[in-house]
Each structure stands twice: as structure tokens, then as C-alpha cells.
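Chain IDs A, B and C follow the sequence of writing; residue 1 opens each chain.
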């Protein structure tokens, strides 16, 4: 090893030679980490497919279309959860996307400069609130209020319309509540992505419209929103991807009922929340395998949706893609 | 085949790389003494023929399909200041960077021909570019002291990260390098300030001190003054003059007056080719090639 | 046509601006409401007992605290950090310093996809890969599930920060004859240090609140956890069970726990802001 009386390098040529392995080991470590990332991928795929295998064999494709959920007779179908997931996500998007885009417009065009940073911080804080806390608040604050006010009113006056029909739960647990809570949870991401998209719109577009005598709203509508259409769609799809995966808050407010109701005011279940609820209690391998299959469906759909979102968003970030 | 770069016999005993002893230097190299000790101030007016710092033979450099340097042959004298001039895009920076193998950092770079540095093949099979770059220091167009290091740490980073730990030695080297870079008096009381707290001209001199601290044999400068004001430029040019006593300096510049001021020899390049090379006075006063004449008299560039 | 039509257009524009303001207000409201209720329902329960005692063994009784859950959350964060940060960090270094364009595109894509996977899936992965072979729920399993979330997150934030380090510094280091890996470690990482730390803190803030992945890996524990192989209590799990419990005292404690949890999360966010220093303009 090194001698204690290290030769002092009079010139550069005297410096100790670099360790031959230093670079290689380090680069190797970084490559190993990337491999581990790939392993995570493989793990997820393997665990889900392997876990779901039993259920896939037992039920085949009818799993996706069956409404049964009977642990006793071992008759399982995922349709109620697919339904619940789709409907609650749709509600969430209907509420959140307009609000988010409106807020994004406010932030980029209308808000006074002093307000922008604080508002952005508020949105970031909103994003940081854990799912379980939304569930807690939803359970004890939002749902009772929803039940006492809009739900009862809607049910009473519009109960003949299927979507507002049926007996409503006293607690307020229903698909609508799940949709609303998820809407709150996806507001931050859709807002911030929308904002980035709107910021990417060249000022030239706005200036041209102003130059033509357009009002503020017209400028926004014509020059900004239509240019940013694809990106905003991407933001919405990204929100959808998040909405599909929300678990804890949903499981606390959705009612956990494996039935498909036409009414939004009645309880339901989603893919993610049924797993959270049942996984620990699954009494046998088949039931657990069913949950894995549900997880597989969930992940498959989520990945496809997220890829779609990324493609849409990236398309606006490379300028010059739009013809005049 | 291991590193061909020879070392001074006096320090060989402390090295633990046995393979180095077995290196057969391809040509006998009588001139391999530490350059800092060798005194001459002007190119070879006294004993023997001038040493050749770089012997470039028929060098061509390609970046992918594009040929940036076309068959350049050039011999750069040691202990002198050689300027490389030419219009933008003529390949002068590429040529400079090939002298310490920095052009290899661009993907798709390859070369034909050869460069010998002080007699050793720069691109020999066992040569580690890292070792080469210790012997050949480089100053960049925009000064780049490391922002998270203090002034002192900046100067010594080349030594420290290469394993030198002796504090007394390092402190001595710190002072010597800063003095040689004409910066000592200005910063000696502020050695703990970040390297980026200095002015532009001081930062560039800090970078020079940092490069010198390694005691390289050669200094390459890529338009070192182009981002500096005239006063700072003047200081750096003075520095170049001082340093040329102990170091070989190759400077790329687009400023012809600067080339005329600081260099002993000048090379004019155009479109990747070496058009003319000779004593600075001759190039500027009495150019042989009509293209050279057109450039130095400002008719294009 | 012109005068009244113009008036209509202007009015419409003002209307739309008003709508935009309304949207912004609606977005802010939930945060205000949730914080308000957290404080209202939980603050009074934050006493010394809450922070130092174990949960009351009798569900109907009152009293007891969440000491083990608070410590458990911190412990899980540490395990996830130890398992996840080195991988994410080195992976990010690969992307920024060593990767080629094609490989990088692939890796980034994989990381983005992984970042979008619902966190409950990682719970299932942790269950299959750790809980089943170990024949029991454990803190380690919980940490692993959380690490799966951290890895792609830290990888992306690391890469984003490292590519911001100007190439000039790497060049300067190379020109001094410093070996590449030393340049990366001592110069590049050092320059980007603040950004790297904030990336890790953000990831920690995210996993502190995660419930689904630890539900069936760490499971929860009414007592103190004594080893990595045992189940461990954590705030999110405790909050969840107490919230859905029929016993009012547990509900009350759920609020208090939630307040502590959000305190931890906001503390991490605040540290990020402090470390990052002056933020760029909105």
C-alpha cells in the first residue's frame, strides 16, 4: 500500500497513477442501480401475474363481466369494481378538470404577481395531504354534510331519475362521495400540469390575438386554449391516471358494496379500494388470487392511461408541432 | 502494454506499479526532466536544438462523418508561446483539444495521424487520458472555478483529488501557484471565500492557478481572454509572458492583436487545414501564403 | 350590431374572469377546510399522553396514545430511505453521466411508468416477496414496499438536478486529470447537493403518508416494535383503523394522529423550501 513518506509530486508526472478500477466500479454501481429499477418493474409484473394466475384460470374472461361477489360460493366477478372505478373517476374528472384549468388560467393570466407564489404553494400543500387524511375528513366532515344537504335534496326531488335514485346511506357513503374526494385529490396535479402547458404557449399567440382587438377571454379561448388543447387533454388524462389509483380515501367513503347501482347516491366499490379492504381478510388462495387479478387489471389500465397522458403532454412541449 | 509516459527516476521507488518499470520507451527520451526546473526563457537560443513539445504528424480529426481537422502537421516548440489563429469554425479549438485528448469527449470523435508529446505517443495503446491531462493543463474560454469550493480548495483540487495529502506541501503549492498566477496578493486574506466570489478576470487567473498547481508541463488556453475586459486581459497576457519561461503555452485566439502581442510562433488555420506556421513576426509582417495575408490584414475573418 | 355586441363580448370576458377566480377559490377551499377541521378536532387531543403512550388495549376506553405509531412511521421512513435512496441516486447518476440517449429514454420511461403505479400494488409486491417467505408481517416488508415507491421518484429528481450542473465543471475537472468518478462524486454531486437533498425530502414526505403499501406488509402493532422482523405500527395505518372504528374515542385519536402526520409532512415540505432558498418566480 502507500508508503507513509509519500513522494511529494514535484510535477504532474509524479502524481500517483489513478486507480484502474475506480471508474469501472463506479460506473458499474450506477448500471447496477438501473438494473434494479428494471427489477422493480419485473417484480411488479411477476407478482401480479403469478398471484392472479389461479383466478385467471378459474374464471377466464368472464371475470371482467361478472357481477357476482360471493366469498362463500367462490363466485367472483370484477364488474362492480370496474364500474365503480370508471364512474368515480368520471365524476372526479368532471369536477376537477374544469376547476383545474380555470385555476391554471387564473394563475398564468389573471392573478396579480404577488398572488402567484402563495397560490402555487397552497396547491403544493394540497398535493402533500395524504390520502388517509382526506378519507378521515371525508368520512367525518364532507360526507355528513353531503348527505344532509345535496344528497337528501337530490334524492327527494329527483329520485325518479335513476342516477339520483335508490335509498341513500345515512352516512353518505356512495360513489358520488368517492368521486368528489378523488376530485379534490387530483386537483393539484391537473392544475400544475395545466399551468406548465399554458406557460408553454408562446406569447406571440396571445399578442397576435390582442392585436386583433380580442377581449381577454377571447384571447384565452382562441390563442391559448386551442393551442394547448392536446397538452390540457394530457393533463386531464394524467389526472385520470391518478384517480384510478386512489385507494385509501376512496375506501373510507365509497361504501364498500359489491353491487352495481344505477344511482350515484348509492354505495359501490372501486378496484383499488376493494383490494385494500379485502386483501388482509382474504380467507383462501382463490379469493386472494382474485384480488391479484383485480390488481393486474388496475395496473394495466393505469399504465396505459399514464402512457397516453405522457405522450399528449410531451407533444405540446416540443414547439412547432402545430400548423398555422 | 502499459503507460508509455516515463517518470523521473528519483520518484520511481515510491511507485508500486511494477509494470511501469517494464515500459520500454519507444525512443530514448533524454529530455524527461521535470520541466519546472528547466530554466530557458526563450526558445532555444542556447545549447542544442529546441525541444519539441508537440510533434503533430498528418493529423485528421473526424466527428462522425464531418472532418474537422485535415492533415495537419505541426511542431510546437517547448517553452514558447504558440498562437493558433483563424476564422470561426476553422478547427483551432478542435486542434487545441486534441492536444490533451479532450476532443474525445464528443461522441463520434476519431482521428488519424499521430501526436507525440515530448517524444511520447499521445494516443498510444496503453495511455490513460487522465494521466495525459495532468501533464497538459487547460484554461477555458469562460472561467469555471468550482462554485462549492473555496479559493484555496479550487487551486488544490487537482492535487487533492489525485491523492496528495501532505498539508505543508499543499499550502506551499497553493501559495506558489497563486503567486505565479499573479493572484496571491489579491486573495491571500480571503482564501476561504468561494471561488465564484471573485471578479471575472480574477476567476480566470484562479483557473490558471488551479491548472498550474498540478505542475503540468504544458498549458493550453482556449480563448482565455474573450470574456474579459481589457484590463483583466492585460493582466492575463502579462501572466502568459511570465509563464512562458517555465511552461509551453499554446493559445487559441480570434484576436489577432493578442496573438501578435503574446506569442513567439503563430499557426494560421483555415477550414481545418494548417495554412501557414512560423515566427509571429513573420506571419504578421511578411506572410508567405496569400490566404494568411488576407486574414491578417483583415480582409476576411 | 357593434356597440352592444362589443358590450356583450366584454361582459362575457369579465364573466369568464370571474369564473377563473371562482375556480381558484374552489381549489384553495379544501385545503383550508381540511386544515381547519384537523386543528379543530385534533388539536385538543394532542397531549403528552398522546405522544408517549401506547394505544389503549381496550377499544372502548379512553386515553392512550400513538407513540408507537409515530416512532414507527419514522422507522419505516428510515428503512425505505436506506433501501431506496442509494439505488435512486446512483440510477439518476447513470442517466446524467453515463447513459446514452436511447438507454436513457428507456430508463426514464420505465421510471415514469413505475411512478404512476398505484401504491397499493407495491403493498401486494411486498406481501408476496417479503411477508410470505418470512412467514409474517414485518417492518422490513413495510420498508421494502415503501422503497419501491422511492426508487423511481428519487431517480427522476436526481437526474433532473444533475443535468442542471453545467458541463463546464465536468470539463474543468477532466482537464485537471481527475478520474471521471471522482469528478462525479466530488464536484458534480457536491454542486448539486441541495437539489439532491430536496429530492430525497420530497420523496420522504410522500411515503410518510402512504397507507396502502404498508397495510399488509407492516400491518400495524399495538405495541412497540422490537425488531425489523416484527410488525410495526405506523401513523397512517393507525389513523385508518381508528377512523373506521365504531368507538368515538378512537375516532378522536384518529384526528390527533392525522394532525401529527400532516405536521410531519408539512415539516418536510418546509425544509425543502428552506434548503432550496429563493424560489424562482411563479
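Here, contacts are C-beta pairs under 8 Å (C-beta built on N, C-alpha and C of every residue); 3 or more make two chains touch, one makes a residue touch a chain.
Keep in mind that what you see is a predicted model, and the values were worked out from it rather than measured.
At the centre of the protein atoms shown, by the Cα-centroid criterion, sits C. Among the remaining chains, the Cα-based centre furthest from that of chain C is the centre of B.
Of all chain pairs, the one linked by the largest number of contacting C-beta pairs is A-C.
The mean-CA centres of chain B and chain C are about 50 angstrom from one another, to the nearest whole unit. With centres taken as mean Cα positions, chain C sits 15 Å from chain A.
Averaging Cα coordinates per chain places chain A and chain B 56 Å apart.
Residue positions 177, 179-180, 182 of chain C each touch two or more of the other chains. Multi-chain contact residues of chain A (touching two or more other chains): 12, 15, 18. With touch defined as above, residues shared between interfaces to two or more other chains in chain B number as follows: 130-131, 134-135, 137, 162, 214.
Taken together, the chain C residues at the contact with chain B in this complex read 166, 168-169, 171-180, 182-183, 186-187, 190-191, 193. Those residues of chain C that touch chain A in the complex are listed here as 9-10, 12-13, 15-17, 19-24, 26-28, 30-31, 33-34, 37-38, 41, 86-91, 93-95, 97-99, 107, 110-114, 116-125, 127-129, 148, 151-152, 155, 177, 179-182, 184-185, 205-206, 208-212, 215-216, 219, 236, 239-240, 243-244, 251, 254-255, 258, 261-262, 265-266, 269, 279, 281-282.
The touching residues of chain B, when paired with chain C in their complex, are 100, 102, 105, 130-135, 137-138, 140, 142, 144, 146-149, 157-158, 161-162, 207, 210-211, 214.
On the chain A side of its complex with chain C, the touching residues are 12, 15, 18-19, 22-23, 25-27, 29-34, 36-38, 40-41, 43-44, 47-48, 50-51, 98-103, 105-107, 110-111, 113, 116-117, 119-120, 122-126, 128-137, 139-141, 184, 187, 191, 215-218, 220, 241-242, 244-248, 252, 272, 275-276, 279-280, 291-292, 295, 298-299, 302-303, 306-307, 310.
Against chain A, in their complex, chain B makes its touches with residues 3, 5-8, 11, 14-17, 34-37, 128, 130-131, 134-135, 137, 159, 162-166, 169, 214-217.
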